[in-house]
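Provided herewith is a single structure, encoded as structure tokens, for subsequent inquiry.
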Amino acid sequence: QNIKLAVTDLVGLEELQREFEPFKKELERVTGLGIDFLPVTNRTAALEALRFKKVDFLLAGPAEYVVMQKRANAKVVVGLYRPNYYSLVVVKADSPIFLIQELKGQRIGVGSVGSTSRHLGPIQLLASAGLEPLKDTQITHTNLRLAWEGLKKGDLQAVGMGRSDLEGFLAQEPKDQQNAYRVLARSGDLPNDLLMVGEHVPQQTLEQMRKAIVDHSASLIASIAQGGDYVKRYQGMRFLMSIADKDYNLVRTMYRTAGYPEYSEFIGN
Amino acid sequence: MTEKSPVNLPARFERPSPGSLLAFLAFVALLAWSISAAGISVSELLTGLPNMAKIASEMMPPATDRLQPMMYSVWVTFQMALVGTVIGIGISLPLAVLMSRNYTPHQVVRAFIRSLVSFIRTIPDLAWALFFVASVGLGPFAGTLTLVMDTIGFCARFFAESIEEVEEGPPEALAAIGASKLSVILCAILPMSMPSLINTGLFALEKAVRSSVVLGLVGAGGIGAELATSMELFRFDQAATIILMIFLLVLGVEKVSSRARTSLLKKRQ
Amino acid sequence: MTEKSPVNLPARFERPSPGSLLAFLAFVALLAWSISAAGISVSELLTGLPNMAKIASEMMPPATDRLQPMMYSVWVTFQMALVGTVIGIGISLPLAVLMSRNYTPHQVVRAFIRSLVSFIRTIPDLAWALFFVASVGLGPFAGTLTLVMDTIGFCARFFAESIEEVEEGPPEALAAIGASKLSVILCAILPMSMPSLINTGLFALEKAVRSSVVLGLVGAGGIGAELATSMELFRFDQAATIILMIFLLVLGVEKVSSRARTSLLKKRQ
Amino acid sequence: MSVSINHPGEGVALRVHGLSKCFAGATHPVWSDVSFDIPQGQRVAIIGGNGAGKSTLLRCCMRLIEPDTGEVYFGNHNISGLRGQALSRVRSRVGFIFQKHNLVNRLSVLTNVLHGGMAWARTPRMWFQGIAACEHREYALHCLEQVKLAHLSKQLAGELSGGQSQRVAIARALMQKPDMIFADEPVASLDPQAGEDVMQVFSNLAHTQSLTLVFVTHHLEHAVRYADRVLGLQNFGLSLDAASHSLSASQLRGMYD
Amino acid sequence: MSVSINHPGEGVALRVHGLSKCFAGATHPVWSDVSFDIPQGQRVAIIGGNGAGKSTLLRCCMRLIEPDTGEVYFGNHNISGLRGQALSRVRSRVGFIFQKHNLVNRLSVLTNVLHGGMAWARTPRMWFQGIAACEHREYALHCLEQVKLAHLSKQLAGELSGGQSQRVAIARALMQKPDMIFADEPVASLDPQAGEDVMQVFSNLAHTQSLTLVFVTHHLEHAVRYADRVLGLQNFGLSLDAASHSLSASQLRGMYD
């Protein structure tokens, strides 16, 4: 009997969506379980699958975890920490805006709704600077690449994104343009990605999985990084054992700030 | 004419050429292989029906809390879809003539335009959106242009098909009169293929409304973005409302246009 | 027959009824309003062309680093698309007959099936994916089912249109013979609308290949997920490769099928 | 009017009573209040100017077009009240040869003829000659032979000449083994010899199998020679109903002035 | 063969030389090596059995179907070598009445007739009667009057009876003000009176305007009465070419045995 492991919406881990074979092999080897590895490009589908017990494990981001807690009782197996996982608000270098408060009344591009580093993080940055993002600014949800073009053309005054996104954009700009953008604000590191397990999975399987990951974390991470060019992205990654639900209260706060209070109830309150 | 020799019954089937027999067998084998690869299981589908019902029940009753903004979005979407479709149809008609088997000025032109239209279709919406955002910036114009491309990819091909399927007698008669190609197209091909052209055009309009997600991507608002957000946040009741609204819009357009069509087609020139 | 009275020229145009005149004016007004709302500006488009070229240059040369896995994905996608389309067409044909103006058993049946098919079309892919994920889990089967629904929404409608457009003489002749409706459909309608049916079916196959993003939604892999990921990683050179591959596949299918079609249509029964 | 009054007696193959038809949007009716009885085995020619409504009359009798008023009886069956299977059964007894032939162009000649067999064998094997029973295929070929077209049985119907496709339409009607034939200008596109042959075939069937024949024609000689009775349509109604032996072709020419 | 040899002399309206045609997949040619000259103003009847290739011959002359070999001259123009505008110009001088009429069903009768005017006025105003010049509309109506159909000018062509649509096709050809008319069984669906009228109109044009008339017919009386010369197609070739005064209808019947 194979276990089903789905992966979704890991910003910065997109490679894993298509080059998962080494990781899957490694995970099978260390856990001794057969694994059906299912990369899913949409988190809604992945979460519904977990809720309807069609998937056993789900590797997802913090925003997914919060939603999943609300919709079904998923447990955490391990967390996945990546250094330099934070949100930015970027403006053009020649922009007159130097304080985040100056974004009041401006048009700001962010990623699709519910993305931790591209939507929730940047919104929270605005909020912590004292703005009311939904009232004081015009938030435009879009594909970030489009937002980037919009920033260049001046349609948008600022764009919220993750750290790795900015690196990706800059790498594609011509040399003389790479210093044409300025980080207006950056957040602290965001909560961790994590591996969730559906409530229907026997405790024993869960333990088996958790133990295997703990014991072989180095080789598993190495296997993710086997994508050649992308090795660098995954440097410094590690698995974390002690994940508490309250670590994600930050994300719940972000949901509230972003205007989705339904996902902001703190567990245990 | 009047061969009196006893005539035999024709063969029941013409013996297929070895080539076509081989091609046929290859197709059947491919299909069988594909079906087995698709993991089709009717029993699984049947046992899963209750889950489907559960999701459907989550859509009931459709949410009414955001009715007004949604209605506005639908309206905006319809307007942009209308413009995109009208422009797209205008461009498609000459392309269709150029790429139709019987009215192309030259086979090379035909092959080129056909491939071009196929190519336009193959390029995904997001890529078109990117092109247009880079050139005209975020906003309704970029969205409309994307819809125009969508419409061309679809309409040019189906218009060409309609043109090819017109019964050849009447156009032949006009050619025998010495009418120019343009006259033949306008006086015979166009009236004769009119019902089919109108149907295709209406479908294109419907398609544009449905694919309005791209309008959201380029920051032009529209109902597609609303729908995507509802789904992302598991507000299936809101999603249901939006789907119903689009459905009603589509039905309404069909009603109005089927009336317009009957009165238009009856018109005696 | 032989009225010798001097006959006058008919009016150039029939006076339109006040209702239809009003409807026409309303349409023109709506269109004008929509066009102004769409913010169309040709000059902007022209000045933006260099930017477009720049984006296009980002796609050149297409990346070859992932050629092999991409080719595999294309193949898998094609297989699933084929299965989905074949099943979808099989279901569409009877639906099309039931919803066609002239062969429906009853106007109520027609209205119902028509609405049903419109509704199937209106429900977005993601919603179908959710339904099927909930019932059959993540994987190719859910993806295939989604493609089946897509195909039904498209084919049933266009098949019905083809059926309605068949010249009425030959079916009338079979009806006069006393043939059953089924016989009329199979012996007259089907052969006469065959070219159009084949064209629609091929387009549905192409559409399924192109819309293979949904396969990614449900974790069935395929080229759509590759494309989405490439875009997500802002690797437009990879995206270009994928688009080209899909394009070649589509061209190939068209070539093969246009051959098959000519030989099929010539066949003498 | 009660059915018992209109109900035709023994031996009446077709009764038309008070039939009227006006196309939507037309100022005049095509014709109105047309009534006649045709005994079994009679050969009737319908004549009239272009647009007098001959084709419309035949169609209305079969309810391929709905007449506005009036009733049509085939034997004892009032066709106006019938639907579905029952309507099909009545229609299947009547071979209808259309003015525009109405063949299925993309199928072979033999298949087109075979379709006539659906009148008496409701089997899917009548759909295509490739799957039909041997005796049915042979009978279809026999019908083709009667119109001298057996050598073209493999050709596509869409690739025939005008006269050839009319002959196929005739063969299809023969294939029905009908009790009655409605023929709308059946020899208009035929060469003179073929025209005579076809009219002869019809007449023979009328004599030997007491087939009832109703044919529209513009050949007045044919009307006089091959019909027992001539009906004339003119001025929006039935203006002539006479035995053909009382008429001559030149007399009939008066109809058209 | 060099062009100078085939080039027709003064007064030859149509020269057909060595024409052959075999349809793809057919075992026999339709006909081969057909040659004849038609002087201007001559009225020529083409007769032959169904499938003898009469319609195909007319089509090949106009290059609506490409013949396999041979040449066709209209006056001095070798139509085989022409393309585009030049081909159109030659075709525009010939009115072609098709066996299947080939009207545009969804347009009105008057518009269909008006289309014939594209032969001499290449203006977009010929496309629809609603936008045509007044004198052109009046001329179209005049052509309709010649076939006694002026009262139906508003009707849709698709709603005509068989004979009516044939008349519209004839009116369309008249609208062309042609030098030559190719008529493929122009009176097959017409009632006797209308048939005579139409043949009379053609004959008058031949006399008064020295119109060259080539018509296919199965009415042997017409062939004898309205033609100066009769061509017969049989056995895959031209088997008869004689002046009509030397022939009688009953003699011609021999062609079909």
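Annotations for the structure displayed:
For clarity, chains are labelled A, B, C, D and E in written order, and residue numbers in each chain start from 1.
In this text, contacts are C-beta pairs under 8 Å (C-beta built on N, C-alpha and C of every residue); 3 or more make two chains touch, one makes a residue touch a chain.
For reference, the UniProt names are B, C = Phosphonate transport system permease protein; D, E = Phosphonate transport system ATP-binding protein.
Please read all numbers here as calculations on a predicted model, not as lab measurements.
Each step here moves to a touching chain, and the least such steps from chain A to chain E number 2. Common partners of chain C and chain D, by the touch rule above, are B, E.
The interface carrying the most C-beta pairs in contact is the one between chains B-C.
Here the CA centre of chain B is 4 Å from the CA centre of chain C.
Spacing of chain A relative to chain D, judged by their CA centroids, is 77 angstrom. Inter-chain centre distance (chain D to chain E, centres taken as mean C-alpha positions): 31 Å.
With centres taken as mean Cα positions, chain E sits 43 Å from chain C.
Residue numbers of chain D whose C-beta contacts span two or more other chains: 49-51, 100, 108, 129-130, 154. Shared contact sites, meaning residues of chain C that touch two or more other chains, fall at 1-2, 51, 55, 126, 130, 134-137, 139, 213, 231, 268.
Annotation for chain A: residues 44, 48, 52, 143, 145, 149, 153 touch two or more other chains. Every pair of chains meeting the contact definition is listed here: A-B, A-C, B-C, B-D, B-E, C-D, C-E, D-E. The residues of chain A lying in touch with chain B in their complex are 43-44, 47-48, 52, 67, 71, 109, 112-114, 140-143, 145-147, 149-150, 152-156, 260, 262-263.
Residues of chain E touching chain D in their complex: 23, 47-51, 53, 55-56, 99-100, 152, 159-164, 167, 185, 188-195, 218, 220, 253, 256-257. The residues of chain A lying in touch with chain C in their complex are 4, 6, 14-15, 17-19, 36, 38-42, 44-46, 48-49, 52, 54-55, 143, 145, 149, 153, 168-169, 172, 228-229. On the chain D side of its complex with chain B, the touching residues are 108, 110, 129-131, 137-138, 141, 145, 148, 150-151, 153-154.
Residues of chain C that touch chain B in their complex: 14, 20, 23, 30-31, 33-35, 37-41, 44-45, 47-49, 51-52, 54-56, 76, 79-80, 82-84, 86, 115, 118-119, 121-124, 126-127, 130-132, 134-137, 139-141, 143-145, 157-158, 161, 165, 167, 195-196, 199, 203, 206, 210, 213, 227, 231, 236, 239, 243, 246-247, 250-251, 254, 256, 260, 263, 267-268.
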